[in-house]
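I have a structure I would like to understand better, so I am pasting it below and will then ask my questions one at a time.
Chain lettering (A, B, C and D) follows the sequence in which the chains are written, and residue indices restart at 1 in each chain.
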Amino acid sequence: MSQYRVLIDANDEKGLVHKVSSVFYEHEMNILSNSEFVDKENNKFFMRSVVDGDIDALKLSGFLQELLPKSASVRVIEPKKKNIIIMATKEMHALGDILIRHEAGELEANILAVISNYNDLESLVSKFDIPYICISHDGLNRSEHESKIIECINSYENVDYIVLAKYMRILTPRFVETYEDKIINIHHSFLPAFIGANPYKQAYDRGVKIIGATAHFVNNNLDEGPIIAQEVIHVDHAYGWRDMQRSGRDVEKVVLSRALKLALEDRIFVYANKTVIF
Amino acid sequence: MSQYRVLIDANDEKGLVHKVSSVFYEHEMNILSNSEFVDKENNKFFMRSVVDGDIDALKLSGFLQELLPKSASVRVIEPKKKNIIIMATKEMHALGDILIRHEAGELEANILAVISNYNDLESLVSKFDIPYICISHDGLNRSEHESKIIECINSYENVDYIVLAKYMRILTPRFVETYEDKIINIHHSFLPAFIGANPYKQAYDRGVKIIGATAHFVNNNLDEGPIIAQEVIHVDHAYGWRDMQRSGRDVEKVVLSRALKLALEDRIFVYANKTVIF
Amino acid sequence: MSQYRVLIDANDEKGLVHKVSSVFYEHEMNILSNSEFVDKENNKFFMRSVVDGDIDALKLSGFLQELLPKSASVRVIEPKKKNIIIMATKEMHALGDILIRHEAGELEANILAVISNYNDLESLVSKFDIPYICISHDGLNRSEHESKIIECINSYENVDYIVLAKYMRILTPRFVETYEDKIINIHHSFLPAFIGANPYKQAYDRGVKIIGATAHFVNNNLDEGPIIAQEVIHVDHAYGWRDMQRSGRDVEKVVLSRALKLALEDRIFVYANKTVIF
Amino acid sequence: MSQYRVLIDANDEKGLVHKVSSVFYEHEMNILSNSEFVDKENNKFFMRSVVDGDIDALKLSGFLQELLPKSASVRVIEPKKKNIIIMATKEMHALGDILIRHEAGELEANILAVISNYNDLESLVSKFDIPYICISHDGLNRSEHESKIIECINSYENVDYIVLAKYMRILTPRFVETYEDKIINIHHSFLPAFIGANPYKQAYDRGVKIIGATAHFVNNNLDEGPIIAQEVIHVDHAYGWRDMQRSGRDVEKVVLSRALKLALEDRIFVYANKTVIF
């Protein structure tokens, strides 16, 4: 008996649920959970099922593809730990939260390495017997620096996600395209607000009463990729911008870990610069 | 073309989704939305579909019942305004919120009448051309008082829900059984906390930092029916119990209206003293 | 015995609290509550005290001004109902919430009138015996239209606040300056996000997971005045933009009523395009 | 120039603010922040000021005590790292969050040691060069076990707080009295709800739509000490009790760290089994 997560997206048409469920039924599979969504505006169908049964993953995928229209994308995924690489700069909170969850066995992930452009976090990361690779940008232009990072990432096999846990450098389109829909970022602001430098200072100057954080996939427009999760907290006039930053960090780490969990459990569909999350 | 909400619950077994979707498929119906849930512990299956097609409701129900196991309960509901009766005592906030939503056309409901044991709210209700029926409990025992209310309710046809918008008298088992799973109450506390009189005073004495409210169906155990919705707000030491009560009212009206909306849209299954909400 | 709200702001210097409290002490006044805040960056001091005692308001104000530095602004306010005028367009939710609170006696306010550029809301407002004045913009340019509104407002005496309960026309600088720090608006978005038309459509297109609303004073830059209160709710991919709008309305009315309450209780200081709220 | 946190509580009477501020003024101290609260019901006055000036702490305390009534308790505290001991059992999340914050320099605290009745957490704690002391309860009755823990705690000097980061054994009155108002606990439920064993199972069975956690000082009644902080998250029917537990952990760690921060910054007054928090 194997358990699979089956993720299907397709142009919507009548009978999709029927076809998918008929495959499960014919092969005597149990449906453990099932979620569907139809975006009427874009005429798109999304479905995620968790099933178990006595069938090979490839065969199951084949049966589904045979029955479904050509527009359909079918993924049959066996639940297992995914491989992630974390990129960070100097701040400890978001990285630390992931390390503790990893240590506690809460994450469906192997952390292959932590890459940083500084060595500030080496002491923390090395406690957990995880490789810490410092790739300084000193004396390198952005492209040269990224080439070294890409080389480092590519030295690992089967990297499923790259998690930017407060990695504070802007990525080039080349980098982003190399790992399309694989890079998860935590934005230190409540998108789409206060894009750019020191959002907490901007938020403070604006006198906001709420601050937030946004976890999203990274695409070519800085801070504009598909949003995975957002959260906020209330602040008041007594918060200076550093207080906002401090409180903001608590939101950031919560939101990034939540987004990472969703990704590791294969709960996210990306389309039209948005996400469907089951 | 008719639109239907199809609600099915059954003992779980393989093939239920397949069977339901095959009925939709054979009769060329569109699935507009679809939600399923399986409670493994109790081996129960729940499904709610919104579909449209060129078929009669009774026939659709018949086809589904024919194919599904005997344990299955099938409801095919045509979306239309439900009939509700509101019961209140003296407080205006929860009732007022429903009246305004009704006036704004936000509610899928006709308010048949407001029943109260006092006449304090008559002035408000009569503004909206809704019958206000004052049934005083003066000089009556609980059973006599309720008999008059039941008589009043029964003078209306097809009452779908009775909404207790801060009706402050305890209902007898007889009343509750008469309208099983049809009575929605807003509890002036965050269940299961502070059951009984003046929960805000209790909450204040306990020094809580959060207060909340709970909307639930009413069953024989006071304040213990299936929970539909809950919400909270933060308070601090500067809140006296009357401040908590005042803030609590804002939560109460929000939660009651949210629960009522879920009921009117046929999104709630009740079982095992709990709710499944799609 | 009279109760006063004493609001003081000044350039910060040593001894301000001491001076204020010495006036209260010498005149044997009770301090019922007391809040202070110092904005170090702008070197500004804010203080709000609720006191009672056997002294005339003018005299109390005089004693305080005598002792405090020249930069100090002193307001001694006797708690009583303030006069407000509500402006709306067609939507009922924010207006309705204020009307119900007014009817319930929850608001420290007299509603002098509701002004609208349409007559859609007349039926609702007239239920509550509040003047409804429809000033259509038909055939008028913005300036002419506003002149008629200003004329109408000025026909009332002692207007304390103008509440824009979803008034959907842009105000000119002339109008805003006429009622500086007196106009409270509810912005149908979570500022500073999605400024401009149909923010819910924008939010939907962006795939946000949270929507919110912002109550603020109006100044010359549209949607950019000092923020009083903000609130958010979570949404997901299943929300179309109309669903977001519907849920957004629930947030809007809560936030506007909260901001109005703060204003009516003289809890807000405005400075540097921000608010200090006690 | 020294900075002090001045905490005063007293029976309320006229002139308290005046007297305190006159001491600050006479000694040319700056008031950096100031909070007061009067509990009318209990006639209690609370004040917390952050001040700086060129004066000795003892002298400042003396001047204040001289001027204030005998009922007044005066504490003049120099901000510095407090000494804490953490007690845990097997769960990693709450402890891990504190360790990371400590490592990041976010906490105004030295962690003297972690004490546990199991050795499961030794591997984690030892990464951070913090003493891990396993005191097994095997073969000991409760009193014997606690005696060993008390002996261990007393081997450290100047322990300010004992943090129960999911320490799963009930403490005896003797232990609690030994460290009165010094023990901070995170309760794995939203007090006062679901007191006792496996609150998540109880919450699940009750079908709640919100779960929460409560940080509180420990007194003799289990789970009934003064509440410091509370937080909640929304759940739905799809959460089994283990899912609730998993999500609950995220709330627990947030709330415990928030409460600890408030204690370390001397922001909490305890009285009447409640807290005043500035």
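Here, a residue touches a chain if its C-beta (ideal position, glycine included) is under 8 Å from a C-beta of that chain, and two chains touch if they have at least 3 such contacts.
Fair warning: this is a prediction, and the values are worked out from it, not measured in the lab.
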| query | Just how many steps, at minimum, does a route from chain A to chain D need if it may pass only between touching chains? | reply | 1
| query | Touching chain C and chain D alike: which chains? | reply | A, B
| request: Weigh B-C against B-D on C-beta contact pairs and write down the one with more. | output: B-D
| task | Averaged over CA atoms, how far is the centre of chain B from the centre of chain D? Could you give it in whole Å? | result | 41
| What whole-Å value do you get for the distance between chain B and chain C if each is reduced to the mean of its CA atoms? | 35
| Residues within chain A bordering two or more other chains | 33, 37, 40, 238
| note | Among line, ring, star, complete and other, the chain touch graph is complete
| Which positions of chain D touch chain A when the two form their complex? | 33, 92-93, 96-97, 99-101, 103-104, 106, 124, 127-128, 238, 246, 250, 254
| message | Could you list, by residue number, the parts of chain B that touch chain A in their complex? | response | 14-15, 17-18, 21-22, 24-25, 28-38, 40
| message | Which residues of chain B touch chain D once you look at their complex with the stated criterion? | response | 37, 39-41, 190-194, 206-210, 212, 226-232, 236-238, 240, 272-277
